[in-house]
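Labels for the chains are A, B, C and D, by order of writing; each one numbers its residues from 1.
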Amino acid sequence: MPDRLDRYAYLGPPGTFSEAAARTLVPAPALPASLLPCPTIQAALAAVRDGSASHAVVPIESSVEGAVTVTLDELATGGELFIGAEILLPIAFALLARPGVTLAGVHRVGGHPQAEAQCRNWLTAHLPDASWQPVASNAAAAQQVAAGDLDAALAGAFAAGQYGLAVLAGDVHDRASAVTRFVVVTRPGPLPAPTGADRTSLAAFLAADHPGALMEILTEFAVRGVNLTRIESRPTGDALGRYWFCIDCEGHLDDARVGEVLMGLRRVCADVRFLGSYPRGDGGKTQVRPGTSDTEFAASAAWLARLRYGRI
Amino acid sequence: MPDRLDRYAYLGPPGTFSEAAARTLVPAPALPASLLPCPTIQAALAAVRDGSASHAVVPIESSVEGAVTVTLDELATGGELFIGAEILLPIAFALLARPGVTLAGVHRVGGHPQAEAQCRNWLTAHLPDASWQPVASNAAAAQQVAAGDLDAALAGAFAAGQYGLAVLAGDVHDRASAVTRFVVVTRPGPLPAPTGADRTSLAAFLAADHPGALMEILTEFAVRGVNLTRIESRPTGDALGRYWFCIDCEGHLDDARVGEVLMGLRRVCADVRFLGSYPRGDGGKTQVRPGTSDTEFAASAAWLARLRYGRI
Amino acid sequence: MPDRLDRYAYLGPPGTFSEAAARTLVPAPALPASLLPCPTIQAALAAVRDGSASHAVVPIESSVEGAVTVTLDELATGGELFIGAEILLPIAFALLARPGVTLAGVHRVGGHPQAEAQCRNWLTAHLPDASWQPVASNAAAAQQVAAGDLDAALAGAFAAGQYGLAVLAGDVHDRASAVTRFVVVTRPGPLPAPTGADRTSLAAFLAADHPGALMEILTEFAVRGVNLTRIESRPTGDALGRYWFCIDCEGHLDDARVGEVLMGLRRVCADVRFLGSYPRGDGGKTQVRPGTSDTEFAASAAWLARLRYGRI
Amino acid sequence: MPDRLDRYAYLGPPGTFSEAAARTLVPAPALPASLLPCPTIQAALAAVRDGSASHAVVPIESSVEGAVTVTLDELATGGELFIGAEILLPIAFALLARPGVTLAGVHRVGGHPQAEAQCRNWLTAHLPDASWQPVASNAAAAQQVAAGDLDAALAGAFAAGQYGLAVLAGDVHDRASAVTRFVVVTRPGPLPAPTGADRTSLAAFLAADHPGALMEILTEFAVRGVNLTRIESRPTGDALGRYWFCIDCEGHLDDARVGEVLMGLRRVCADVRFLGSYPRGDGGKTQVRPGTSDTEFAASAAWLARLRYGRI
């Protein structure tokens, strides 16, 4: 079943930014059979776990709204999955309506809650009297517009064609250059080979709540010259004041310094879950501080071995 | 207008957990005139800024869902406000329906998205076929149930009476002991006096993105023995990989060690916004490491003054 | 030549504290053939390097005077040697003179410069008008007293008999409980087995002089929970402001955490010389911080191996 | 008695490097009445304490031999004195003998023990059979040569004229570019004004021996961007393993960041003794990390004051 090997689950219906991200991975002839729209992020990830999809393409972070916490929580505490790639997708919102509708005719606007957050100023300026209806996805809002349940939807302009709608206004987002980072998730298996411009993601669960725990974790990275690119605290769910950390750092599991950081975290944390090593979508090269290259790690290990065993 | 001095804006309509939190502050005879329901958290905070309310009671953190990012973002980047108190409210969800309705008759359930997140297992087990409708607040969902637009709502049991509904099932949340932390927000002004069990909140905007920036910030706290109780990274909105930090620590602005930390942050950060010092809702006493009491700060300052000026 | 296998070089002539330290290692029947007095510390170490002695017993640190820098410099920059044991010797000085001489007849007193330093108050109080003559060792001063070149010598009371002198005054040192730490040095070879109460010594040469270099070195120890017991800075000899560090820490080369520290130092320093792992003379047990035992290092290494290779 | 105001005590007799250092401070017409030779470093410092000299010029550090521990110990634990200046003196040794004496006639060579250390290779090569006689100072050795008690002395070539000796061999030191750092010590009083290229010296006595104490001390400096230029551990004298630290750092007591470091040390240490702020002899400018200038300290203090008092 070759198609199952290359089926991408995403937060649907068709027309979402998630679909736009997934489409960057699929050659045109394989569309749309290779895409599997799912009602929620959880469902997209479950589709990978149960084998109905080979990959899930899910948002993990927005430059405007921050972490997509359901993705973080699922990756860290749900059935084990690996991140194998990332996609940085520029986010541009349009206001979609049925052909012929004008701004004056828009009384009810819908979209994903993040859409409202990213277009708030525009809405206030141009549709001050319209009511806002949160919907599970922007594309679902477009569907409701097509069905006549809403007057307009905030969504990517690419969704207009799919639902027979027109772009009533383009680029209605408040901040140019908004970007959402999607990750491509698979079942655990071989990692992508190191490229010299990789990112590693992990979840670190604190052993016990003591004041210096976060500092301790950061020091494990710093002492081996591994730069963090993102850190998110998330509640454990047990009580206020109990957290775990979702961390992205430069480098690859196969880098000696990253391996030593992971072992260090494993010893000082209650649990560490490795979430994947994969090429960075922003092309940033890994910075290697003097003394932390694989060659230097190998040389120091050889020296230690000579000290320990060479004198016998 | 004495009532304006004591009017509490909250995320309404009546029947929300926010209202339940606000009610803990208002003596019964003053109810309900002292409460001002608002459609959004932003609106509640705006009511304080424009003087239509003296206080806003807004959620800032849930033990299950984590940060309430809209609150963090508004406090850090909107018009300046101070946190003057915090309220820890246990969260218990019930399934509310019109009297006489049974589970078999529930096809559409609504509530705030966080309600769904906190009751997901129960819904899957008991209402596997019901569809989920996100609504701006749990109480608004209850309203819609009363109006016949939904079959059931997830909300606090206390909301049932307000909308003529019955509790179809109680304690439907997946995790016992869930707690939401609300903060009571006012216009800038005098702080509550130190109690020895205080919390200080602030927003730290990094000067420039360099690998050790977070470590640098944590060291400012650590070197003066000030314990962090929470740290959240939030995007600046400019680009992926650019963050600011919302930080809670032990102690009060008037504590010498907290003051020195703030000055240190101010020097190494692009900007620091002080968000308030207030008594902790959990009663935890501030831990004072040897060498960091006000007395010791004063003694060391006197010693330095003697060194600098005593020898002239 | 079994005696060469067990010949102990020391700073002579007979009657020095070094000899007293060496005697603690030699069974009485083997005395004095097993002892090799040398004119200087350098000569004692050279005797081990050239094979004329199996061990050298040399002072490395005094609780009163601090580091014995010639020992540090020789171990770090001379031909390679290992420390295999340490001896903590209580130091008690006596004033030795020819039989019949009284304090009134003492005009010239001699001894090692450290002897003068440790008995300064006594000398000022009891022999305010006597002149001080520095001599290469206390025992050599006793020899000169016997020869009539000096009137009295500061030395261990045990030296009196060897030179036909009398103890004119005992316990003339200013500070009770002075202790000198001697190390027993051999050619490089197998290390003493770990005992759980070991010390490891090393010399760390900085890669380049930058402000945080010492902090960097200390962090390599701290992050792996290895406690330092002593650190001495020594000039490289190149210029003012250029240093290397002689460091003692808890633990043994065969301890996983000590090995990882050594590798870390090797990577961040220009050079690291391992000087030995040996049982502590003070019996202090090595403190093992949670997360740093050999078992925990092995478990984290196995976990990393599963991550790296288990998924292929 | 104006001359008492300008009398410089030094380790004599005339002809020592200490005298050479002191002479750099005294205008020629005032010589030699402004110089007070003392038999020991302790005596030179005592002369300042009792008022018989205004200044003492004493060695504190050699680029070859390291710390001059008697100076460190006296400054840290003797009657309080301030360092007001430093002098870096290049050290060049000559072999001095009576006129007409040749190398073949040299059987006994004397000098300060550090002279032997710095000329050891030359002595081994050119006078392998000569015996070494330690003397309290190089100039005293020259005196003994003049008196016929020794055949030759290691000393500065400038000492030859003073004792009617000839330079038998010049530049006999093993390492070119040796430098000794002298400090000019006075009774406590006003400090030299800040120059932007200053050094501050202090002694830090640990509160209690715990593994991280040194790290704690270094962090007080690092967090405020103050660079250390030297750190020496010295025994407290109580027991092995108990130390205090003699520290030099960049900057002046009047610099805000240095003042805050001192206060921090005062709080975490059992005791801190300030030893002086004075212009650097090597001309190195103080490096000021962003966020640590006096202006930035003042701005952050003003900001804190507004937060604390501006809202009343």
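Just so we're on the same page, a contact is a pair of C-beta atoms (placed from the backbone, for glycine too) under 8 Å apart; a residue touches a chain by one contact, two chains touch by 3 or more.
Just so you know, these numbers come straight off a predicted model, no measurement behind them.
Comparing the contact residues of chain C and chain D by number shows a mostly shared set, over half of all numbers used being common to the two copies.
Centre-to-centre spacing of chain A and chain D amounts to 60 Å, using the average Cα coordinate of each chain.
Chain B has its Cα centroid 26 Å from the Cα centroid of chain A.
Counting partner chains per residue, chain A has residues 219, 222 touching two or more of them. By the definition of touch given earlier, these chain pairs are in contact: A-B, A-C, B-D, C-D. For chain D in complex with chain B, the touching residues are 188-191, 207, 219-220, 222-224, 253-254, 259-260, 262-264, 266-268, 274, 290-292, 296-297, 299-301, 303-304, 307-308, 311-312.
Chain D meets chain C in the complex at residues 61-66, 69-70, 88, 113, 117, 132, 134-136, 175, 177-179, 181, 211-212, 214-215, 218-219, 222, 227-235, 237-243, 282, 287.
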